[in-house]
Amino acid sequence: MAGSTFGTLFKVTTWGESHGKALGAVIDGCPAGLYLNEDDIQPFLDRRKPGQTSIATPRKETDQVEILSGVFEGKTTGTPISLMVRNTSQKSSDYSEIASYYRPGHADYTFDAKYGFRDYTGGGRSSGRETTGRVAAGAVALKILKEMGISLMAYTRSIGPVSIEMQSFDREAIYSTATCMPDKEADRRALAYLKGCMENKDSSGGVIECIVDGLPAGIGDPVFEKLDANLSKALMSIGSVKAVEIGDGILVSQALGSQNNDPFVWKDKKIAKKTNHAGGILGGISDGSQIVLRAHIKPTPSIFSPQETVNKKGENIEIAIKGRHDPVIVPRAVVVVEAMAALTLLDACMLNMAARVDYLKKFYKRT
Amino acid sequence: MAGSTFGTLFKVTTWGESHGKALGAVIDGCPAGLYLNEDDIQPFLDRRKPGQTSIATPRKETDQVEILSGVFEGKTTGTPISLMVRNTSQKSSDYSEIASYYRPGHADYTFDAKYGFRDYTGGGRSSGRETTGRVAAGAVALKILKEMGISLMAYTRSIGPVSIEMQSFDREAIYSTATCMPDKEADRRALAYLKGCMENKDSSGGVIECIVDGLPAGIGDPVFEKLDANLSKALMSIGSVKAVEIGDGILVSQALGSQNNDPFVWKDKKIAKKTNHAGGILGGISDGSQIVLRAHIKPTPSIFSPQETVNKKGENIEIAIKGRHDPVIVPRAVVVVEAMAALTLLDACMLNMAARVDYLKKFYKRT
Amino acid sequence: MAGSTFGTLFKVTTWGESHGKALGAVIDGCPAGLYLNEDDIQPFLDRRKPGQTSIATPRKETDQVEILSGVFEGKTTGTPISLMVRNTSQKSSDYSEIASYYRPGHADYTFDAKYGFRDYTGGGRSSGRETTGRVAAGAVALKILKEMGISLMAYTRSIGPVSIEMQSFDREAIYSTATCMPDKEADRRALAYLKGCMENKDSSGGVIECIVDGLPAGIGDPVFEKLDANLSKALMSIGSVKAVEIGDGILVSQALGSQNNDPFVWKDKKIAKKTNHAGGILGGISDGSQIVLRAHIKPTPSIFSPQETVNKKGENIEIAIKGRHDPVIVPRAVVVVEAMAALTLLDACMLNMAARVDYLKKFYKRT
Amino acid sequence: MAGSTFGTLFKVTTWGESHGKALGAVIDGCPAGLYLNEDDIQPFLDRRKPGQTSIATPRKETDQVEILSGVFEGKTTGTPISLMVRNTSQKSSDYSEIASYYRPGHADYTFDAKYGFRDYTGGGRSSGRETTGRVAAGAVALKILKEMGISLMAYTRSIGPVSIEMQSFDREAIYSTATCMPDKEADRRALAYLKGCMENKDSSGGVIECIVDGLPAGIGDPVFEKLDANLSKALMSIGSVKAVEIGDGILVSQALGSQNNDPFVWKDKKIAKKTNHAGGILGGISDGSQIVLRAHIKPTPSIFSPQETVNKKGENIEIAIKGRHDPVIVPRAVVVVEAMAALTLLDACMLNMAARVDYLKKFYKRT
């Protein structure tokens, strides 16, 4: 089945495997007239890229993006934007061992079960590298949202037991730490925790939070296409995410109605909310407050300690995974969360433009 | 925008408002040859219906379903199945007050912001009654899944602070309590807690868990259409759900890789997993274990204690909601969770049938 | 598979069989704020209805439409509009004979081949009555288009050998004849021809033309979703249509480029075309001229003269169809063509609203 | 809006402009396990490529296809197949003149009207080169269909006044002539006619017919997704197609029912039809006979004789188009028609696999 396309009007199709020739994305439905070049996209791919820090894989992924279509004289034309990143780090490793068994926590077995065989080189399509195309396309969505006055910011909220709560929007602080925690002290403690994990040949999970500012009230739909439903799908579609929360999230199940309801208040000549337990969405539609999302990410499944598993012959065996593997996925996934949220929000904003007969009448008189 | 259709091959479109003439669903793409009549659907609507218990609204919703099309000589024909439930309890109440302000925690304001006005009678399309169509369609999906050997079971896992963990599949136990907790003792404590809430003019949230047995490995897709991503959307699209978990869910963010990975094991001549932290899905594709999902549901926003809000004139006011409102939504939402999970799984199973060239070759030789 | 939904933003799902309980349509995505009641829709269903003329079946289909949802205080709310027409003419005929064989020119055999059995009462879902839902939904689309300054008009261009060419928009003239030919003389000749067909126990085909005025330039898309491609699908999806033409249609294959190109000309301070061989669409996008479409409709397959066919036992037999059958489908299909064109155009207009970044910026500053 | 994706399960997204860096297609949903390499695709692109004949543009398009993803160890993996063709013939011509006016018969004006500006180099996305991606993807669909026993063949049925009727399947004969007419004598006459057109600085249209063998009965759907409706859209989405016919096509409007109905007959232990006026489709579903389609293609709009038009300043001017332009598009479009029909049919076959409950039960017991 076809599962590599995301969105209704701003439609993104990604392609590519970890160790194939290239990875990419085709954006179909990007509005015309946006100034766009590779420099708008490259910084986002660089954020996804492993750095030189102690917790990131030393693999040299230059990940240079190339725009192959859809831009003319510096502006988007309304036609598909094809984005490509060549794989430059295709080591001719010996994968025969890994091909012979199923790694716990990975998609090896389920891929085989579905398709009858699998690309066993570096995870194939199930590799984290698959998100390259998402991030490239997300960068374009983020640029448009910015021009509409809507900004998104994701950061690492926790790694293992080390957790922070972000008080204010400070993009620089996020990018200045290896963990993407905008808090030097927490970053230090998280790195110490991760060092311990590595020494124990183990790995850690964590939480990414994404906050959206400037989204007007009225975006999203009341039933199946609720804004939170689509954001939830967007985040859960990122490998390793096992839970998604909106606003107070899991806390609502133990809260009282009197605590959880956000009182409306008339402020600065418009409607606002005194609190934001709802995370900016009521009945599936944005309420004009900040959107608050959280994705819970599991520990890297590739750990160096011995594990039990089964090989293709149906024998119970013990394996020890080798190679380069980050002890935590979270910091590199921050920009992926941001990208997926951006794709969802832009699409919802575009879909909303035909929500009222008055909009149609005004538009078609104008054009 | 169009947001009332769910699914790709087994496509369900719901319609209807709380106090309109009727509510319903059209199932397009239901496979032909299924024995189906109203008795297959009615019990599910009855589970959604308020009972005579202390915690459920006394509104008399008979909710009799009528099959209007798509069934001939007792079997589905492959053409759209139109299901309708007439609204019989359309009280001619005075809604002028409620129309004048925005209830906290409800979609009143966001609906207005999107569409320019709203149906203020009983919540309109944002009412919990909207789920009537989902449950009716879900009953059909559940019947097909059952014939394929796949069974689903949802139950109340917690109400406020009262929580249980289900050990084994016991459908009867679930339906035998007012809370849908399959544990008499927990049910008693939860009811006591809810009684307290009601006395305080307050309300409670809770958690619904859904467990799926018999789903073969290989269902779902690797990227945007991951099985967990679609289940997540399905559950988050139910009003009041604010968080969704798969398997260990939020716990993964604090777990170690060595704890979270599920070892594979060769058992009964096939591959199984020793543990199921993953909740039955790896890389977006089912692994043959139980699927385990949880939805966190916020407290009923309609509470009888006074609340601050804003009216349409832009004045800050205090309101006190009247009428009939359950102190908790959870027990009535159990069957809705089951329905939404069923719709998602059946669709994924149908989509999977063309995953391999060999399947096509075999099928078209056979037909 | 699911094939009863049409459109992307203005999404229509139809349901119902010829002799079932009811037929209907659900419109999802209808913009909010449109004044709508049954009187806006009924006249279109009446045009579809057989009259008392010599060429139309005497079946009494009152076809009263009921709006079940999506309208509040006289206006559309943005939520699904459920439209229903009860079948009142379900004769308890003896269908055992018709059930035993495959009528030539009908879908009897292909339905069986696909679904394993079929609803043999009056054609089931393949009956012309299936278009009831299309016409009801189309009436809503036509009302919105009208408010946007876009008007559609379909008429009978030919019946058998009797053909006319319409020079000017005269809606009254179309409805004033039994054939829907806006030309009394042609109508008379066509009726005479049809009388001959009936005497010979035979039937006739014909051509319906649809002309669209007021559609601005810029609607439609350049590749797979060309406006003519979607109109073509819309018309070809009407039972009995076997060819679709845009503008000069089949004549282009014998024309020279110098004849077929329409020169642009600056007129009344805007761009126009001197001629309209293109039928108002260039490269899949409207050019601001009239849209001109034609559908070629086959003769009614139900004829009273003896025909060869096969029964379910695999025997070659001769049959003679009985009952009530129009000698020509064309006049009753005129409103169906208009409806399908309207659904296509409105959807394309809604989709176009997010075509440029400037549109998004303007819209979201305004809202 | 997003209009560059085709298909539901076998989903193709094309991208690229005439004079951009590259063109391509992403196939999402290709079944796993198909042996595939560039040699399976290149011959189809070569058929699309201009030859060295008198009627084809001398532009050197090598059009070498590269598979960038989705194939592992020679077989499709079930993940997206990215196909790319680099543009090698990007002449740095002076396009300032062409940029200043609107060419009659081209999409110049409508593109501007939609997007606010256009890529004026060689037609941009509206160029015939856009079909490169369609043909590459179609080649993959054709390979799968072949393995299922379904074959397609398109050929030139007419060029201007020179017309043939094909009696039997002879692929070699089609490819052996410059016109793709499988008839040496007709080819000679057509070439003479085209020579005359060129001398007169004019161009010619023509008709392409596509015949499908081996498609089983039961493929397609009864209402909006009729097989003929989708084929019609597929063909009409090819630039320059202005009419589409199925079976007898436009002739049905003048035929009698007794002539047009195809009698069923029991033959070789199965149901067949004595004639095939229907072109293999009844009620939107295949009947097991040959599928017969025709596309009517307009004359190349780029002609060398002087034409009236308007420039961007709003002045009426006369232009004379220069450069390299074929006097007829038809021969190069033959393989495009074949590709589009193949994409439509394969998708319909895949969708059909879940049409009956019995299919699901059998499949899920088997897997």
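Letters A, B, C and D name the chains as they come in the text, with residue numbers starting at 1 for each one.
Quick note on the criterion: contacts are C-beta pairs under 8 Å (C-beta built on N, C-alpha and C of every residue); 3 or more make two chains touch, one makes a residue touch a chain.
Everything numeric in this text was worked out from a predicted model, so none of it was measured.
Visitor: Would you mind checking which chain's C-alpha centre is most distant from the centre of chain D?
Guide: Farthest from chain D by mean C-alpha position: B.
Visitor: Equivalent interface to C-D, which of B-C, A-D or A-B, with over half of contact pairs matching by residue number?
Guide: Equivalent contacts to C-D are found in A-B.
Visitor: For chain A and chain D, let me know how many angstrom lie between their CA-based centres, rounded off.
Guide: Centres of chain A and chain D (C-alpha means) sit 38 Å apart.
Visitor: So, what's the distance in Å between the C-alpha centres of chain C and chain A?
Guide: 44
Visitor: Provide the C-alpha centroid distance between chain A and chain B, rounded to the nearest whole angstrom.
Guide: Chain centroid spacing, chain A to chain B, equals 26 Å.
Visitor: At least two other chains touched by the same residue of chain B: list those residues.
Guide: 1-5, 8-9, 14, 29, 32-33, 78-79, 114-116, 125, 216, 218, 222-223, 351, 354-356, 358
Visitor: Please output the residues of chain A touching chain B within their complex, sorted ascending.
Guide: Touch residues, chain A against chain B: 1-6, 14, 102, 104-107, 109-111, 113-116, 125-126, 130, 158, 160-161, 197, 200-207, 216-226, 228-230, 232-237, 239, 242-250, 252-266, 269, 271, 274, 278-279, 281-288, 296-303, 305, 307-310, 314-316, 351-352, 354-356, 358.
Visitor: For chain B, which residues are in contact with chain C within the complex?
Guide: 1-5, 7-11, 13-17, 20-24, 26, 28-29, 32-33, 66-70, 72-73, 75, 77-82, 84, 114-119, 121, 124-125
Visitor: Along chain D, where are the residues that touch chain B in the complex?
Guide: Per the stated touch rule, the residues are 8-9, 29, 31-34, 76, 78-79, 144, 147-149, 216, 218, 222-223, 349-351, 353-361, 363-365, 367.
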